[in-house]
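Common to both upcoming complexes is chain A, partnered first by chain B, then by chain C.
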Partner chain A sequence: MIRRYGPSLFMILLLCLSWETAVRTLDVPWYILPPPSQALRTAILRSPLLLSHSFVTGGEILLGIALALALAVPLAVAMFFSPVLDRAFAPFLVASQAIPVFALAPLLIVWFGYGIGSKVVMAAIVIFFPITVNLLQGFRSCPQELRTLFRLMEASPWTMLRRLYWPFALPYFFSGLRVGVSVATIGAVIGEWVGSQKGLGYLMIQANARMSVDLVFAAILWLSVMGLALWTLVGRIEKRIVRWKN
Partner chain B sequence: MRKVLALLALALFAALPVHAAPAAEKLTVMLDWFPNVDHVPLFVARDRGFLKDAGIEVEYLSPSETSDALKLAAAGQVDLAVGYQPQTIVAASAGIPVCAVGRLVEHPLSTLLFLKGKGIEKPSDLSGKKIGYTVPGMMDILLKAFAERNGIANYEAVNVGFTIVPALAAGTVDAIMGPFKNYETVELEHKGLAPQWFELEKHGIPDYDELIIVAGKNAYTARKAVIRRFTECLGKGIAWTKAHPREALELYFAAVPEAPREMEREAFARTLPQYASSQRFDRKGWETFAAFAKQSGLIEREAPLDDLLQGE
Partner chain C sequence: MLEVSRLSKKYDSDDPSARLTVLSDFSLCVPTGGFAVLVGPSGCGKTSFFDILVGSASADSGNIAWNGVAVPNLCGLCAYMQQKDLLLPWLPLFENVLLPRRVRGGVSRDDIDEARALFVRLGLKGFEGFLPSSVSGGMRQRCALARTLMMRGECVLLDEPLSALDAITRRSLRELLLLLQSEFGKTVLMITHDVEEAIALADDIYVLGTQPMDVREIIRLSSPKPRSAAQEGFVAMRERILGSLAPAGASR
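Presenting the complex of A and B:
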C-alpha cells in the first residue's frame, strides 16, 4: 500500500508544502493565489455545493467518453481496413485537434444549446482523438506473420478483427483512453465557461465574479481529483481486461 | 589622484540631472478589456501630451480577463486599473484592498438587450420568456432585481456567457442582461439585426459608474500625488475628447491600429455622451448602489465606502 501510493502522496504533500511556504514567504495575496490550506478548507467546507456541481461536470465527462468511444472505435476500424478512408480522414483527425475548443464552443452552443449537449460534444472532441490514433496504431502493431496465419486459416475479416487485431490493439486503446479521460475535464469546463447553468466550470466563473478566489481553486482541486479518479478507474479496467499484458 | 578625479567627475555627473527636468514618473494602467472606444480619453490624455506635461509616463496593458486588472492593482503589480463600479464594490466587500480614484464612464453601459419585432414593448412583456445573462454571479443577480422591479414573471434565466450575438440571432433566448449599449448594439446592427434595450438606471436599478479608475490601497497611499495628477489628466482627456471627438477618435485609431474602424466609429458616437463629466464621485449614488448590492445579494458584507472612495 505504502509502496504503491507512498511516492505520489509524498509528492502531493511536498507540492502543497512548497506552495504554502511560497505563498506565505513571498506574501502572495490570497486573491491572486490562495494558500493550499485555504483552498483545501474551502474544498471541504463547501463540499455539498461542489459535489452538486461535480455531478453535472462528471456526467458531461462520462457521456463525453461514451460519445467519443462510439465515434472513435468505428472510425479507427474503418481507417484500418480501408486505406482510402484512412487517407480521407487523417487530415481531419489532426485538424480537429489543432482547433482551439474555445473557438468552437460558441458554435457548438448554438447547435446543441446551453444544456448538457454542447458540453458532452466538447468533451468528446478532446477525448476522441487520442483514442482513435492509439487504436489505429494498435491495430497496425499486429505482426505480419500472425495476419498471414489467420488468412491461411481462412478467417473472415470480422474474426480477424475480434481474435487478432483487437487483442493487439487493446493496450494501445487503453493508453489512448487514459489520455482522453484526463483531458476530458478541459473540454467540459470550457463548455461550461461559454454558457451553462451548472457544473464546476460554471461555479468557477461565478466565484470569480464574486472574488471568491478560494472557491475557484477549490473547484480546480475537485476537478483534479475527478481527473485522477477517472485515470485510476481506466487503469483498473485495463488490468481486468488486458490480463496477458502483465 | 586619478581615482579622486574620476570620482569627482562621477559626482558631478550624478549632480547634473538635478538641474534638468525631473524624470517622468511611470504609471502602468491595466485596462478592463482589450483597448476599445471606452478608453479613448485615456489615449487622448497620453497622446495629446496631458500626462507628459504632468510629468507622468504611462503604459496601458490589456488583461486576459475582466477582473485581472483590479486584482493586480490590489497586489501592486500594476499601479492603476480600469474597473467597473459593481465589481469594485464586490471586491471591496470581499476584502480586496482597492480604492476608486477616478471616473471614465458615469452611467451603466450594461443593458437588458433584445431584438425589435418580437413584441417586447415594456419589460413585463418578457414574462414567461427565456432571458440570458452574461456573467454568472453578477448579471444573474442584476437580472433578478430588474425582473422584480419591473414585473417580469415566470421567466427562465439562462447563462449565455459571451455568446451574446449568436444567442439572440439564433433566437435561443429572447433577451440578454449584460450587453453594453455602445458595443453589442453596434455589433448586432452590423449583422443585420435590430437591437433594442432597456436601460437599467431607468428601470429601478440604481445608477452607477460603469468604468472607473481603481488603485491598490498601498499604491494610493504611497503615490497619492501622482495618481491625483493622473486622474486630473484623465479629466482633461475626457473634456478634450468631448470637444474634439473626431480628432480624439483619430488619435485612438493611431494608437490602436488593429481596432475595427467602422464598428468602433459607431460605438464611439454612442459612448461620447457617457464619459464622466467630472472626477468627483457621487457619494450618495455609491451609497445607494452599495445598499442595493447588499439587499439583492450581490455582496454579503457591507462595502467600506469611506475607504473605497478616494476621488477628488
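Presenting the complex of A and C:
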C-alpha cells in the first residue's frame, strides 16, 4: 500500500507544504490565493453545499459516459465491419476532436438548454472519441490467424464479434474509457461555466465573482476527487473483467 | 479424400522483380484416413498453399475437391492447427476446447463429455480451469489439439504445429498427433520443415521444391508408426529426403 501510493502522497504533501509556506511567509492575501489548509477547511466545512452541487456534476458525468458508450460502441462496431461506414465516419470522428468543446459549449446551451442536457452532451463529446478510437483499434488488432480459425468454424459475424473481437478489444476499450472518464469532468464543468444553475462549475463561477477563492479551490478539490474516484472505479472494473491480461 | 489438382497462384506487381509465382500446377491427393506431410524449405510456398486451402487467399486456377465434390476451399470441412496455439487467452482451457461447439450454436451434455474424455486422453486432466497463460507451451499445444479434435470435419490441416516447442515436448506431442489418424480417423495434411517429424508421422511425404512450389518426390512409407531414428532405414530415409531438398542451390 505504502510502496504503491507512497510516492504520489509524498509529492502531494510536499507541494501543499511549499504552497502553505509560500502563502504565509509572502503574506499573499487569501482572497487571491488561500493556503491549502484553508481550501481544505472550506472543502470540509462547506461539504453539504459542495455535495449537493457534486451530485449534479457527477450525474452529468455519469449520464455523459452512458451516452458516449451508447454511441461509441455501435459506431466502432459499424465502422469495423463496414469499410463504407468507416470511410464515411472517419472525418467526423477526427473533426469531433479538432473542434474544441469550448467552442461548442454556447451552441449546446442554445440547443439543449440550461439544464442537465447540454452538460451531458458536452461530457459525452469529450468521452466519445477515445472510446471509439480505442475500441476500433482493438478490433483491428485482432490477429489474422484467429479470424481464420473462426472462419473455419463457420462463425457468423455476430458470433465473431461476441466471442472474438469484443473480448479481444476489451483491454483497448478500457484504456479508452479510462482516458474518457478522466477528461469527462472538463466537459461537464465547461458546460456549467457557460450557463447553468447548479453544479460544481456553477459554484466555482459564483464563488469567483464573490472573491471566495477558497471555495473555488474547494470545488476543484472535490472535482479532482470525483475524477480520481471514477478513474479508480474503471480500473477496478477492468481488473475484474480483463483478468487474463494481468 | 482430399484432392488438389493443378493449383496455380501468382502474385502480380507492376514491379517485375516483385512478381512471384508461388504455385504452378500443383497437385496432391490425400486418401481418406491418410496422413500426408509436405516437407520443404521455408519460403517454398507451403503457407500460401494452406492459405488457399482455408480460404484466406484464392487460387488463380485449379481445383480443390473433398470426397469427389469440388469446393472453393475447406471452410467448414477441416480443422486447422498452427505453430501458434491460437487459444483465446481470456477463456480457460476447457472453454477453449469447447469453442468450436459454442460457435456452432451450443454445447450439449455430450459435447462436455467428449471434451472431458479428450482432456484425459491428452494428459490435460486437472487443468480445465486454467487460463492458457498459466500453462506451458506444450500443454497449450495439446489443448489446441483437443480443440482441433472438437472441430467437426474429417480433414485436419497442420501448419508446423510443433515447430515452436522444445525437442522433448515435440517428441511426446508427435505421438499425440498420430491419434488424429489412428483413433479419430481424420484425414491429415501437415506442413513441416522438420524431416524427421515427417518420417515419423507420414504415410506419404511430398518433398517440395521452391518457387514455384513443385513436388520433387513423393515417398510412400508403410512401416508401422510412430517411427523413430533408432529404426532401420530411418537415417537413410532422412538423408535421401535432405538430398532431394538440397539441389535447389540458392534456397539451401
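Methods note: the second predicted complex is superposed on the first by the 239 of 246 C-alpha atoms of A that agree within 3 Å, B and C clash if a C-alpha of one lies under 4 Å from a C-alpha of the other, contacts with A are read in each partner's own complex, and residues count from 1 in each chain.
Throughout what follows, a residue touches a chain if its C-beta (ideal position, glycine included) is under 8 Å from a C-beta of that chain, and two chains touch if they have at least 3 such contacts.
Keep in mind that this is a model prediction, so the values were computed, not measured.
By the touch criterion defined above, A:Ile109 lies against chain B but remains apart from chain C after alignment on the C-alpha atoms of chain A.
Once the two structures are overlaid, the count of chain A residues touched is higher for B than for its counterpart among chain B and chain C. Of the two partner chains, chain B is the only one touched by A:Arg210; chain C is not. When both complexes are overlaid on chain A, the residue A:Ile32 reaches chain B alone and has no touch with chain C.
In the superposition on chain A, A:Ala155 contacts chain C only, with no contact to chain B.
Touch criterion not met for A:Val77: it reaches neither chain B nor chain C. In the overlay built on the shared chain, the residue A:Pro167 is in contact with chain C alone; chain B does not reach it. Shared contact residues on chain A (touching chain B in one structure, chain C in the other): none found. Remark: chain A residues 144-146, 148-155, 159, 163-164, 167, 170, 242-245 touch chain C in the complex.
On the chain B side of its complex with chain A, the touching residues are 65, 67, 71-72, 74-75, 87, 90-91, 94, 96, 135-138, 158-163, 166-167, 170, 172.
Contact residues of chain C toward chain A in the complex are 54-56, 74-76, 78-80, 82, 84, 86, 88-90, 99-100, 102-104, 131, 133, 151.
Those residues of chain A that touch chain B in the complex are listed here as 28-29, 31-32, 105-107, 109-110, 113-114, 193-197, 202, 205-212.
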